[in-house]
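Chain lettering (A, B, C, D, E and F) follows the sequence in which the chains are written, and residue indices restart at 1 in each chain.
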Amino acid sequence: MQLVTAVIKPHMLDEVKEALRGIGIQGMTVTEVKGFGRQGGHTETYRGAEYQVDFVPKTKLEIVVDTPDVSKVADAIASAAQTGKIGDGKLWVTPVDSLVRIRTGEVGADAV
Amino acid sequence: MSHRREAGNRRRLRTKVGMAAVAGLGSALLLAGPASAQAEQYDRTAATGAEAMNMVVLDNIFIFICAVLVFLMQAGFGLVEAGLTRAKNAANIMMKNLMDVSIGVLMFAFIGWGIAYPGDFNGWIGSAGLWVPGFFSSYLVDVGPEALADDGFYPLAIPVDFFFQAAFAATAATIVSGAVAGRTKFIGYLLYSVVLTGLIYPIVVSWQWGGGFLSSRATGFVDFAGSGLVHMTGGFAALMGAIIIGPRIGKFTADGKPKAMPGHSVPLAITGVFILFIGWFGFNPGSQLQADMAVPVIAVITAFAAAAGAMGAMATSWITMKKPDVSMAGNGLLAGLVAICSGVGEVSAFGALLTGVVAGSIVVLSVLAIERAGIDDPVGAFSVHGVCGAWGLIATGLLATTSPINGAEESAGLFYGGGASLLVTQLIGVVAIAAFVSVAAGALFAGLKAAGLLRVSAEEEIAGLDVSEHGAPGYGPDMLVASSV
Amino acid sequence: MSHRREAGNRRRLRTKVGMAAVAGLGSALLLAGPASAQAEQYDRTAATGAEAMNMVVLDNIFIFICAVLVFLMQAGFGLVEAGLTRAKNAANIMMKNLMDVSIGVLMFAFIGWGIAYPGDFNGWIGSAGLWVPGFFSSYLVDVGPEALADDGFYPLAIPVDFFFQAAFAATAATIVSGAVAGRTKFIGYLLYSVVLTGLIYPIVVSWQWGGGFLSSRATGFVDFAGSGLVHMTGGFAALMGAIIIGPRIGKFTADGKPKAMPGHSVPLAITGVFILFIGWFGFNPGSQLQADMAVPVIAVITAFAAAAGAMGAMATSWITMKKPDVSMAGNGLLAGLVAICSGVGEVSAFGALLTGVVAGSIVVLSVLAIERAGIDDPVGAFSVHGVCGAWGLIATGLLATTSPINGAEESAGLFYGGGASLLVTQLIGVVAIAAFVSVAAGALFAGLKAAGLLRVSAEEEIAGLDVSEHGAPGYGPDMLVASSV
Amino acid sequence: MSHRREAGNRRRLRTKVGMAAVAGLGSALLLAGPASAQAEQYDRTAATGAEAMNMVVLDNIFIFICAVLVFLMQAGFGLVEAGLTRAKNAANIMMKNLMDVSIGVLMFAFIGWGIAYPGDFNGWIGSAGLWVPGFFSSYLVDVGPEALADDGFYPLAIPVDFFFQAAFAATAATIVSGAVAGRTKFIGYLLYSVVLTGLIYPIVVSWQWGGGFLSSRATGFVDFAGSGLVHMTGGFAALMGAIIIGPRIGKFTADGKPKAMPGHSVPLAITGVFILFIGWFGFNPGSQLQADMAVPVIAVITAFAAAAGAMGAMATSWITMKKPDVSMAGNGLLAGLVAICSGVGEVSAFGALLTGVVAGSIVVLSVLAIERAGIDDPVGAFSVHGVCGAWGLIATGLLATTSPINGAEESAGLFYGGGASLLVTQLIGVVAIAAFVSVAAGALFAGLKAAGLLRVSAEEEIAGLDVSEHGAPGYGPDMLVASSV
Amino acid sequence: MQLVTAVIKPHMLDEVKEALRGIGIQGMTVTEVKGFGRQGGHTETYRGAEYQVDFVPKTKLEIVVDTPDVSKVADAIASAAQTGKIGDGKLWVTPVDSLVRIRTGEVGADAV
Amino acid sequence: MQLVTAVIKPHMLDEVKEALRGIGIQGMTVTEVKGFGRQGGHTETYRGAEYQVDFVPKTKLEIVVDTPDVSKVADAIASAAQTGKIGDGKLWVTPVDSLVRIRTGEVGADAV
């Protein structure tokens, strides 16, 4: 079992969600985050004082998937979230030792 | 008198024989019923000397207060429009409304007023205004009998008349702000506001309140406080703006189906509705242009239409959408207010309720239809002001009564035995305003578009106009949730 | 005159001998001190002809303006109530207030007013109202000497009287909205609002302003602007609502200890307090029912009580909770305003300060006690309007002065040498209103509960009424933080 | 008459020969142009009996309404100040404004008014006030010819005069609230508010409206509605507060460069601007102190300056910062209003536009300069009220016209052929107010600082004053985003 | 050392917190997230336009625990957060290579 | 490749960001979180009812770094975020199996 974490542009969420639905993914957890990266931020001016906004809004997805499905999921996200413009984000995969579905107590792949 | 300006040809409720005549007016509140006039009668126009002075001073102070209430509507419009659109554009909306009132007051002074009320200033159009010697200085109010206008009224002093009318001009302009929210270049909006308050609105006003063709028809056009002149003008300009600028990114799916883009704060929007409701008690009663016993009647009729409008919209949204929609109910209250502006001096209490409840229903159906037609009007400006403004004019053609007050020389509406002549006049007004404003505002927006001044880039729109047009978000980082939509 | 309606039996400050009498009134602002009246005296009631016409027109315009201020209070109530409750219910609150004013105006027109002010309409209860021929048409204001009422006043025109009173009815209804926030079915609230503005409130009003038993006691009941008739009515209905509907989920722990459920926006709530403060200058001064020199005295007394109330609540919260609580201070200002409504025409400046500061303290202690009693009134509606309304009636019984203006026929309060008779009357009023409203509103809410129309399901409550009752959240996704509480 | 209080020495526009004289006044709206006065003339001062009574009652009711509008400004100030500062301090700001109005009314009653308007109360300073027998009771308004003041006016009744002036005192106090936002101890702010409304403001007012040295100069000081007396007083107190309390943590980098600390809600701030705009139509027209035909002129001049101020600030911010800044445009509208207070009765329409547009530009440059000087005034209170208040006084010295209305005895400004004498007087006023208030408020804040009552600890400041000073956040957990700044 | 991540219903947070306190857990980090899962979302209607809200509010807990305690912690969360209704959430465990307490620089189990 | 996760005090974010920039870190993802820990919360009083706020605002950083750089990054964060007062937060390191840059499809260390 592995955890796929992806940081994407917020307005791509709907497409990524549909792509994941398309390959049968039934659950994920989404967080609003702020990204710092090559994309850079922008300058704002409030009452004459300029200030640098280094962080841009991003959306983070976390999906626990059964190991065999990981690359399928990663590919689906990466291709749906891609605009080709800087700031499209990252995707990383980390190992998961165990998973529980709280409602039923099911564990492992059954809990996905 | 050549040195005085008339308070336009705004039609006041005629209280010709002073207080007693008010009794007649009262029956306008009923389906029928002759006036009882057994009380001592005093004639407003028979007052002389200090009595007349007191009367005229009260008139002018009263209209000043009403004008202040109309200016308060700017806060209401700002809140409604900001509340029903996205947080990332909220400061831009407020800025547009701040500029509407600033530009409106100045443009109407410099140009608009001279066009709207040609009066003695025929031929001065475009140059009349602030800089013409005598323009403001001649606001002397003469209270001698020879000063009475043909209709038995004293005119308002020029400064108060200007102040009241300028507030109306700013109102007309602001109507458009919400319809084009979230995607319009700020500079383009400023130019629109200049042209609307300086030219388009004044021309429409001149047709009736300025003594133009609508007012001089055999059966005179009835638009007491401006269902047509003010609201249809703003509403149709809003429609043209919304069409020509095009919908916000994400408002419609690829195959044209509308998507909901919920406003960021319904509580602010409804606060705005309450403030507009209050402002309307300057808008309608002030349109009587004098402080007399007709004022509370107008207020009651106005309140009835507003209440009926809110309930009509609530019921209609409940039926068509399964739940009572809050912002639709707010729109409905405003729709009732817009619709009653025309006939508030002529319809009965029953007529007011009917006018309001129909307006409330229409506004909901219109919002749905406009959206289905692929037009993105985020706050329903066209439906509230354009459609219900037209409905208000028509409603007067149907529901105007012939009470003693407006007498034999006035036509009753179709349902009150007056035949179709008033209705025809009203329909001519509807068509004339809709056509002229659509063409004029259409040309204006098309011109701005051609000049590249109308719409921001997609990146700027997605970032939000607060940041892209004004440099910083309207809500601080401690309030604004980075939205994933 | 049988064709005229009196402006109820609302007690005006008696300025019997015109302007000069006002000097006497002035002393009401002092602990003692005879009036100085050495100036030229003019008698309001001696005016005739155009002079009388001007006077009466000003009266009616003034009350119109005051009514508009009272309607503005709806925005204030909406903001206070929305601000002190959860964001997920904010649109629902605003919708309820929008409907209170709409239903209030219509129900009061159709039914309520006929009950509240039986006058010539005795026997018409229930059918009197809009559809009775002559109902609105008879608002002629006759200015001849024979038109003067017994008390030397000209009556208000019917439309303005109605407009002012309808605003009060809507106010009474709205008081309940906050007390039952966050868990009440919208349909149930609408039904409550219909019954309160159509029946319960008008019946209470009829007891005093309608000439009923309270007004006809030997020592007349004193409730100038409605500490009892308006605020206790709303406040006790709020209490019954809060009890019968029960607390919000999570308000009390399993063992009954209250938990804080912080409001979502104190800034909006205090903005609402400021707006209510402004509206009260229509509520109290307008209750004089004419434009005379008593108006500013009433305004000053009102402002003193409000200021003392805010400071009293601040101090009390500072002492009892270690910090000066913001929303409590806002409640305190309102409590001072509620309490002074009764005696604003009778108490001295000192009396106003005492009335206010006590109200401010009471309201804090009452909020704490109510919560400890297991009742969930999120905005303190009962404490502000019910408890401090009752305190206001009692305060008048203690602090009313005998100034030249209210003369020998009026009783001073217990502390001003008038003995206990006024206090007894006031206590009878307190008990009568509390008992009747508790029973009537109790039956109403119990009936709604029995019919399954009172409370939403736990799921709907947790999701928030904006989504469950109206289909969409009041704040957009760009504003609303998904709360973990 | 020793038993009457004058309405201070506030200068009214002189409508000496009644209505006709108003024609002269009109020309104040022009660069030049003699008045046309061919109409029937009625003299306000010639009214007698019931006519005079009606006139005086209208005066008093009108000022009551204006005072209510001025009190409404408290809501506006609260929203502007809360909107332009951090969410974590929003409830604290509203609480301070709630207390400003409460303290202001009471302190001005107990102490301030007696100082401000010594009149017959010379020698009573400090003890005059509420408790002096006859203080409030003598508000009889005598309408006989002998009651006319030297300037041909009837004085206002004492309660309405007090009510109006108390609203001004509360306004002066509130100006400081925003400048010291986010770091001031609540108890220290309360003490400041007590001293400002009880002592500092009344002393300044006594110099002119109380008949003091500024009013008695050969060329009298012109400060019609208080650019100097009210706004400079508040503005310079704000400056001293901001300096002595020091900047908020994080406002300046270690090397002194200013950092932006964006306000939490520009929409709320601009709503506040709209409300202030409305309130100003009580502030300026009400300063005429009677209901006459000068009122609408004052309103129009006020609106022109406001509009020009907004546009001036928008343009200046657009040029200096590349984008039109929303809150700066709001500041600009207020700056135009502040600046026109002084000369609103003396300048032409052209003068009003110039006064406003310069104020709008100045305010932007001043905000930038103040920040560069290392002073943290989060809402620009000093720039709007202090700097533009001074500019308003100077502008009158430059732009005052000599119209028939203010006649030969009045000096025109430097640009209108009056030489430098008015300008000199105005500059003396600027210096006197700036110096006195800086010293007095400086001593006050320094004293509070020495007593440890001025500034919260760094931890409390970082946590936010809502939590640390009042026990709970102003926004609930469902609204407030934990900010990372 | 392992990281226990749990996604639960927001209104269960208090009970979970007390349960964890009960077994001696002294620290955790909480994030407001949005969940997509079998629970589904709901339909909202704004001014006549229906729209699907696929994401429901959830609360995410992250707790670094010493490996021996992991199952105790996981059990405590799973049982406190369980309502038995759909949408109760998931709990997963991932390996942690190292842990530092920033204040003191302590590392490993001491830093928990 | 490893993932460095740090929970810090919100007002230390700017300094941490600069410290990371100083050692050449070009990307990170930031989340506003609430922390529960030894620092404890505080008591608030709303309309007379006291309530315990157990959670204090914290900021979470997530940075995927090439394994050799991990200790450098961890040290930079830990020293920049340290105030020495309770509540400075934690930092933990977890293994990452793979990383993708969505824009380009680059994987592994190139994607950092």
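We adopt the following convention: a contact is a pair of C-beta atoms (placed from the backbone, for glycine too) under 8 Å apart; a residue touches a chain by one contact, two chains touch by 3 or more.
The structure displayed is predicted, hence computed values, not measured ones.
Chains making contact with chain B as well as with chain C: D, E. Steps from chain D to chain E, minimised over paths through touching chains, total 2. Residue numbering at the chain A/chain F interface overlaps only partly, since under half of the positions present are found in both copies. Separation between the centroids of chain B and chain D, computed from CA atoms only, is 32 Å.
Work out the mean CA point of chain B and of chain F, and you get 55 Å between them.
Residues of chain D in contact with at least two other chains: 51-52, 54, 58, 65, 260, 262-263, 321-323, 325, 471-473, 475, 479-481, 483-485. In chain F, 30-32, 34, 44-46, 94-95 are the positions where the chain touches two or more neighbouring chains simultaneously. Here the touching chains pair up as A-B, A-D, A-E, A-F, B-C, B-D, B-E, C-D, C-E, C-F, D-F, E-F.
Residues 3, 49-54, 56-58, 60-61, 63-65, 67-68, 71-72, 74-75, 78-79, 82, 90-95, 97-99, 101-103, 105-106, 109, 130, 133-144, 147, 157-160, 162-163, 166, 186, 268, 466, 469-481 of chain B touch chain D in their complex. Only residues 10-11, 13, 30, 32, 34, 42, 44-46, 57, 59 of chain F touch chain D when the two sit together in their complex.
Within the complex, the chain F residues that touch chain E are 2, 6-8, 31-38, 54-55, 58, 60, 74, 77-78, 81-95. Chain E meets chain F in the complex at residues 1, 3, 17, 26-31, 64, 94-103, 105, 111.
Interface residues of chain A, counted against chain D in their complex, comprise 34, 44-51.
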